[in-house]
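Two complexes are shown next, each including subunit A; its partner changes from subunit B in the first to subunit C in the second.
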Partner chain A sequence: MAHPGPISASRQPCQLWLLAMSALTLAPHAPFLPAWLGMLCAGLIIVRATQLRFDRLRVPQLVVILIALATAIGVKLDFGHFFGKDPGIALLAVLLGLKLIEVRASRDVYVAVLLCLFLLLGLFFEDQSILAGVLALAGFVLALCTLLSQQDAAAPAGAQLKAAASLLFQATPLFVVLFFLFPRVPGPLWGLPSDAFSSMTGLSDTMRPGSISQLSLSEAIAFRVEFDGAPPPPAQRYWRGPVLTRFDGQVWHPVFSPVTDTPQYSVTGSGFGYRLTMEAHNRRWLFALEFPDRAPTGARFSRDNRLLLQSPLHQRARFELRSYPATATGQDEDQHRLTEALRLPANSNPRSLELARRIADDATHPKEILDRVLAEMKTLDLTYTLEPPLLGTHSVDEFLFDTRLGFCEHFAAAFVVLMRAAEVPARVVTGYQGGEINPVDGSLVVRQSDAHAWAEVWLPQRGWVRVDPTALAAPQRIESGLTAALPRDGDLRGLMRPAADLLLSIRYHWEALTNAWNQSVLGYNDEVQRDLFKELGFREPDWRLLSTLLGASAATVLLALFAWSLRRHRRGEHLDRLWQIFCRRLAHKGLARMAWEGPIDYAERAAAAFPREARTIRMIAHHYARLRYATTGKPDQGALRQFSVLIRSLRFSKKTDDDRKPAKS
Partner chain B sequence: MPQIDVRPLLEAANRIILGKEHSLRLALACLIARGHLLIEDIPGVGKTILAHTIAQLVGLEFQRIQFTSDLLPADILGVSIFDAEQHSFRFHPGPVFAQLILADEINRATPKTQSALLETMEEHQVTADGQTFALPSPFFVIATQNPADQIGTFPLPESQLDRFLMRIELGYPDREAERALLMGEDRRRMLERLAPVLQPQDLQALQRAADAITVSPRLIDYTQSLLAASRQSPDLRNGLSPRAGLGLLAAARAWALTDGRDYALPEDLQAVFPHVAGHRLRIAGEERPVPAETLRALIQSVKLD
Partner chain C sequence: MIRGGIDRLRERIERWLFRVGNPDPAPITLVQRRIFVLPTSAGLMLGAGLIVMLLASINYSLGLGYVLVFLLAAVAITSILHAFRNLLHLEIMPGRTDPVFAGQPASFRLHVLNHRSQRRPGLRLRMRDAQAGFDLGADGTAEIVLASATQQRGWMPIGRVTIETCWPLGLIRAWSVIVPDLDCLVFPAPERNAPPLPAPRGDAHGGLPVSTQGDEDFAGLRTHRVTDSPRHVAWKAVARGGPMLTKQFSGSSSGILALDWDSLPENLGVEARLSRLSAWIQSAQDAGLAFSLSLPGCRLPAASGPQHAQACLKQLALF
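Presenting the complex of A and B:
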């Protein structure tokens, strides 16, 4: 750097603030950075802390340059490219760490603060939760403290924090204006190549043994639902996802389904209206309650009776839906699809096929076969478990006859295989089942752990009938959710144990808060913004209007803040205004104060002129003299009020008025 | 508030010197402000009595030095005389080694002698034969000079006048006071009977209390306005010095104390202003001290918010 020299003791507070700010900025990025990069940043911060402790530790410039080069190469190797937010953030993070260990002049501090601000903003690329907001705010306060301590190193930390918080508070009106008026761009701003929408938790479009039990470990929220009225009972809460028809012996796949604007069924029974807020899952599936009457904007019906979005869901979105759980579907299913739903791989699961043939031997009606298969599965004494053993080639055989331990996908798969072997069309449906009502705000929260697989069989006249074979072994799974269905000593995480009531309640509150945040802050998108302005009476709100409004509002806010600060500046002179009121009143009586006259002299003169009011006049003058001249600070608010009362108490008696001109007041 | 009340002191003094409450209070304020006082008036109006009264009431050790044209510095400061027994010179302190000095008719002495006293006033010590002797504390000089008598005098130059915090004039007593004076007892005899009201340590406490008197930022503003006005006035040869500004505030503090307040008001400043500023200012183009009207006009030209 251009200004070498040890960090002087007077600049120490600024350096500490800088360190705290950098640590706070980098820490939340750590989970999103490659491990080696996170460790490098942590190391650089530790080096900096050591430097501050022991003044003489200096990292040679060459080393800094080498680290920077090595990091660039590492980022290139790790991400494959330099463009996009992830490598960008990674580079910025290391740059901040490196800047930190070579901060010498105040210019370096400014650069580091700037880097921090960029990184704080960058956090929102990964995470837009309340927590991220709070962290960014905290980081911003520390950045302000750093800059403030750069100006006045001697001020105590508390004062710096207070000043920074006050600055931030003063910025609030501007921030509100920006929030409401800044033109929103539809879609995510940072849709950059390749690394956008990488991996996310959620259902996949295929199913293999263990794929859903894996998912059930995740407490992540899949979607939230707010029902217009009472929600349907848990046993009817089937949120339909991918329908899997093709089975290759190991993996279940969907078959091609054309999409239409209207459903293939006509709804019957009572309907449930609801708003579904879906988390981004980078798929086109919309997990609607079975079965919606009409597709919301941007979605269409597929031939297998589920809703598909026109493009993958890259950001949280809200849908208005109405579903009718009692609806019958697929009475007129075409033969081709039914044939698909009968196909079984050759040389697979011989024991199951054998069993199915035996069951179906003398059955006359598919319904009868269905009942017998279910009864047979029941007798097999299958156990529902979150940790089923690994299965080999004939997975269904092994599950039914050997291990007898399985999760919902095992039950669904086994059932469908048995049905198909008995010549009844059947298919696997995946999605979510149940969900949990948050008692705080009454919304239904469906988590990844609610992921489920069930089956549909096609019966003549009745069409596709939903059968949930999991209910055979664990009826509680359908009635009250996963936690209840598993044995008490099951290896579940603490939160899922009902005993942890307090934690549960905290989680409910937190999730209600998060939901509110999602709905009102993050949900304020271009559409909501447009609607808001339409409601306010702007017919065609476009970005030009918004920009004009934004400029005007920002200017107003700034002017208001300016006026406020001026007023605040003058508030110390409140006393003067009161005194002037008193002087004016006497002036109206023909006794103006001389410009040079002190308060006591003036009062004596006035007291001589108005002997009846002499006492009050003298009191006012002495009060004023004391407030004005007996203190070097600002006058006390209480004393000011008293003074104002005293001035108002001054009344001129009639007699004195007679020989003077009539008073205005 | 000061623990020591100055009112009994003033009352006692007023019994001796009739009709001069204001001048007495100014003199006392000057003493409390640790300044020296110059009384400019014709003989016989009670200058000596005033000095004596103050010394008596405060219990200060008093010395009067009558300045004449043949007075030498050593007559004031003291001399070193050879001590035959000890075979060395011994310093014999002069009359200046007292707590209250009345330097009567200071303008009669030669500038050399004048400056010997004035330097002592400033430094609070006497240096003789390479030895330094500290003066007693408190140390307060009241000098008098006769403005009417111009023959054979050496008027104090401005730079020397600056050493005095205040200059006051006593003037003739009013009719009533003079009548009481004429009818009453001999003042000198009254003085002999006068018991001290304060102890010297009380005076020091008063001086400390004056230091602690609140001067609000607004009063500082006003002081600066007054100083600026004196510097900008076309009637004056030059304005008040920063030392005069400090003196103004010190005097205003002491004046507030004599009023029983623990904070200073613009009125205090206005009350002491003519006496602190008068002898430091000269009318432009003339060798004449500023008349009281000019000083009053100066105060009235400064706006007090």
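Presenting the complex of A and C:
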């Protein structure tokens, strides 16, 4: 057909576009692929580039098959299986590379383009940021250019890009219609492979020394909050997560808590209304500000006063909440839960237990013990650091008496152990504390680095009382965040130290933009769609209504495009219109132009019929004939204007009209 | 096998759809209702790919996945209109054909006119066994030659011609079937190894005696043909080691060659007779001889020159 052989096909600009597109598609996958596979893909791209440069470089079919087999074995060894997104993407990437080096017929080009599109989609498993979107758009434009140049090899690259851009531009209305009106289905449709959400970070449901300090290095955003009014002061921003009661000497675990629809407390004090947008973290916890009055749809209260979702959060979701930080909780706590909160492992941390017993010796009231423990911890001269040393078997002992360096989990754990040793029920609460207000859009951003652990002690009549032992050593941590609390020469990297104002401002803008992107593009799901159409006045927006709207809007857009495509672009369109005016005027006088009649012949006939205007008529006809037939391309504007004036200057006098009548009859 | 079946089916559907019969009056303008669009196999493949991508986006809740899928769908749908518009208002004028002998390919020339001030790339004209791809510049014209094999003498109509485009993305094919008013004259195939020309003789009515001196006027040399009489070979040139050449003599003084249907052997069929006459006319024309042609019900008086030969061959073609 159009491509007589591989050699001449390889010269086509289409192949260059395809190569560029493949390179752009594969490059962002590199960090997520095994190193050997990334190198293989890069190698295949280089081979293809060399093939295009030097015509006579053919890779034998056998080699291609061997590479494919070796890759399949390698993927199986690396991932352990073929099913799931990661091995799937790895195989697709190699397939694309192999397809590239043996592109022959036009069908191969289509297959390669389709593989590229699949890989672009595969990128979104890892990253759906604005950058990924821009990259995918660039890849998409290259795909269009590849297909365009396949059909039209003669056009230069610039024209190809222009054609692709105009296609995209014209497709935009239809795209908008599809995006907003296509009935969104809540996923997943079928059981997801086990690795579907492997790449998520966040708090875990256990705590060991060092687990939270590791998380603090992550700049990833945990959730965003938009308050209806002024946000609560930083010291009240405790976002409650897993409550850890059971301690085995090393690790803190939660205990079973039944769930109820309503909270176990009644709210008091002033409330703060807010919308919380949680990033997916593959867990059921909803980090609400302490303490919400009502559970949002899809969530319930657990007995330890936190919100639990009915299913793990696999995608970013938004919740409307209202919290009352001053609420007292747990005045009528079950006895067995209090017993649980007193239990300590045997033969663990003897020095701490000894200290606690000494403190509590002559105390009469748990409140007194609490004050004394806090005072004692203060005198121990503990230092808050992001890099606490490793601890051995008696972790609390070692922290309190030997290393004296710790992060919030060390403080919380040590405090709870001391309290329990002094016979006061206490437990560890993990979650996030603080957050940063973005001055650009006013939202509060809570990052993984805001992860925190604090404690609750149970006091008679007062219930569970929050105590943050970290504040003893680093009160700034609670007031102004992690960066302020650490020593100046700490090891926080990059943007975490807001030294450069410009950088900070860029970061704020970028994150505000990202938030908008997340809310409007990524967060547009079935619920948001329903809410949007409810707001637009549709009472019960379901898929039937949406499909009808989709059909109607798409038809309208297509009709508009169709009308555009019917538009005629004719050479000398204006000229012909003027000539038509002239002919119509003569026809009105009873002298219509015959279909076979040329302008000069017609003018002669007309001149004979209207001898007074003969000169003008002949001039008009000659002008038209010259403009229409003697010039190539579009007639220039000046000549057209003259022609138009000439036609307008034509006046038929009454007398001539009368003269003609007897002549005709 | 299957492919052939599909082609036949397609032809049938097209015949029914386009009601192709009589030639379209020239010029043929491709108006909106003459243009059809359907996805190509690549388009169908991409459609299937789109569905897979949409399912993946739903299943994994990929917001950007939706964006990619919808953008792709929107562009593919828009490309339907582009393909359609690439053919819309094209004008096709039948051009010239040159007569050929049966067995030689007939060349049909079509002029395709673009009245739009934009390029129209990726166009293709197809007929039975020929196709040609071309681009049209802004306000451009192209003369497209479609060469089709011939078998039968007579007028060979160009038949149904498909003009199609897969531009811009190759996902959608827009096409229109036209029947240009264009016929090619096909002469009977000259007989291979035909017997030599009959001896020239005088006028059939006995006006002039048979001239034996006619071969005297040397007119020039030309390359040798198998059918040439050995008497006319320029042996001197051959003896010098040169190529075989045939001496040509002006026919003016030669006797008149009469190519007569009735003088052919009785056992020859119609087509065989026509083939032999066709071969003789060619030889006579090459030899520069004047000849007359008698067919049942038709007689062309003796003359020489290409016009005469063509007129005679046309009689044979349409016999």
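Operating definition for what follows: the second predicted complex is superposed on the first by the 527 of 665 C-alpha atoms of A that agree within 3 Å, B and C clash if a C-alpha of one lies under 4 Å from a C-alpha of the other, contacts with A are read in each partner's own complex, and residues count from 1 in each chain.
Simple rule for what comes next: a residue touches a chain if its C-beta (ideal position, glycine included) is under 8 Å from a C-beta of that chain, and two chains touch if they have at least 3 such contacts.
The structure presented is a predicted model; accordingly, all values stated were derived computationally and were not measured.
Visitor: Please indicate which partner A:A595 is in contact with in the superposed arrangement: first for subunit B, second for subunit C, both, or neither.
Guide: After superposing on A, A:A595 lies in contact with subunit B but is clear of subunit C.
Visitor: Quick check for you: in the superposed arrangement, does A:L168 touch first (subunit B), second (subunit C), both or neither?
Guide: Once the two structures are laid over each other on A, A:L168 reaches subunit C alone.
Visitor: Should A:W543 be classified as contacting the first partner (subunit B), the second (subunit C), both, or neither?
Guide: Neither partner.
Visitor: Quick one: subunit B or subunit C, who's touching more of subunit A?
Guide: After superposition, C is the partner touching more of subunit A.
Visitor: Mind working out whether A:W36 is in touch with subunit B, subunit C, both or neither, as first, second, both or neither?
Guide: A:W36: touches no partner chain.
Visitor: I'd like to know which partner A:L144 touches here: subunit B for first, subunit C for second, both or neither.
Guide: The answer is second: A:L144 touches subunit C but not subunit B.
Visitor: Quick one: is A:A625 in contact with subunit B, with subunit C, with both, or with neither? Answer first, second, both or neither.
Guide: The answer is first: A:A625 touches subunit B but not subunit C.
Visitor: A:F83 in the overlay: touching subunit B, subunit C, both, or neither? Say first, second, both or neither.
Guide: neither
Visitor: Applying the document's definition of touch, where does A:F256 land relative to subunit B and subunit C: first, second, both, or neither?
Guide: neither
Visitor: Can you list the subunit A residues touching subunit B in their complex?
Guide: On the subunit A side, the touching residues are 576, 594-601, 625-626, 628-632.
Visitor: Which positions of subunit C touch subunit A when the two form their complex?
Guide: That would be residues 32, 42, 45-46, 49, 52-53, 55-75, 77-79, 81-82, 84-85, 88-89, 115-119, 121-122, 133, 135, 139, 165-171 of subunit C.
Visitor: Okay, in this complex, where on subunit B does subunit A touch?
Guide: Going through subunit B, the ones touching subunit A are 214-219, 262-267, 270, 299-305.
Visitor: Going by the contact rule at the top, pick out the subunit A residues touching subunit C in the complex.
Guide: 2, 85, 106-107, 110-111, 114, 117-118, 120-121, 124-125, 128, 132-133, 136, 140, 144, 147-148, 150-152, 154-155, 163, 167-168, 170-172, 174-175, 178-179, 182, 184-185, 187-190, 192, 196, 314-315, 521-525, 558, 561-562, 564-566, 568-571, 633-634
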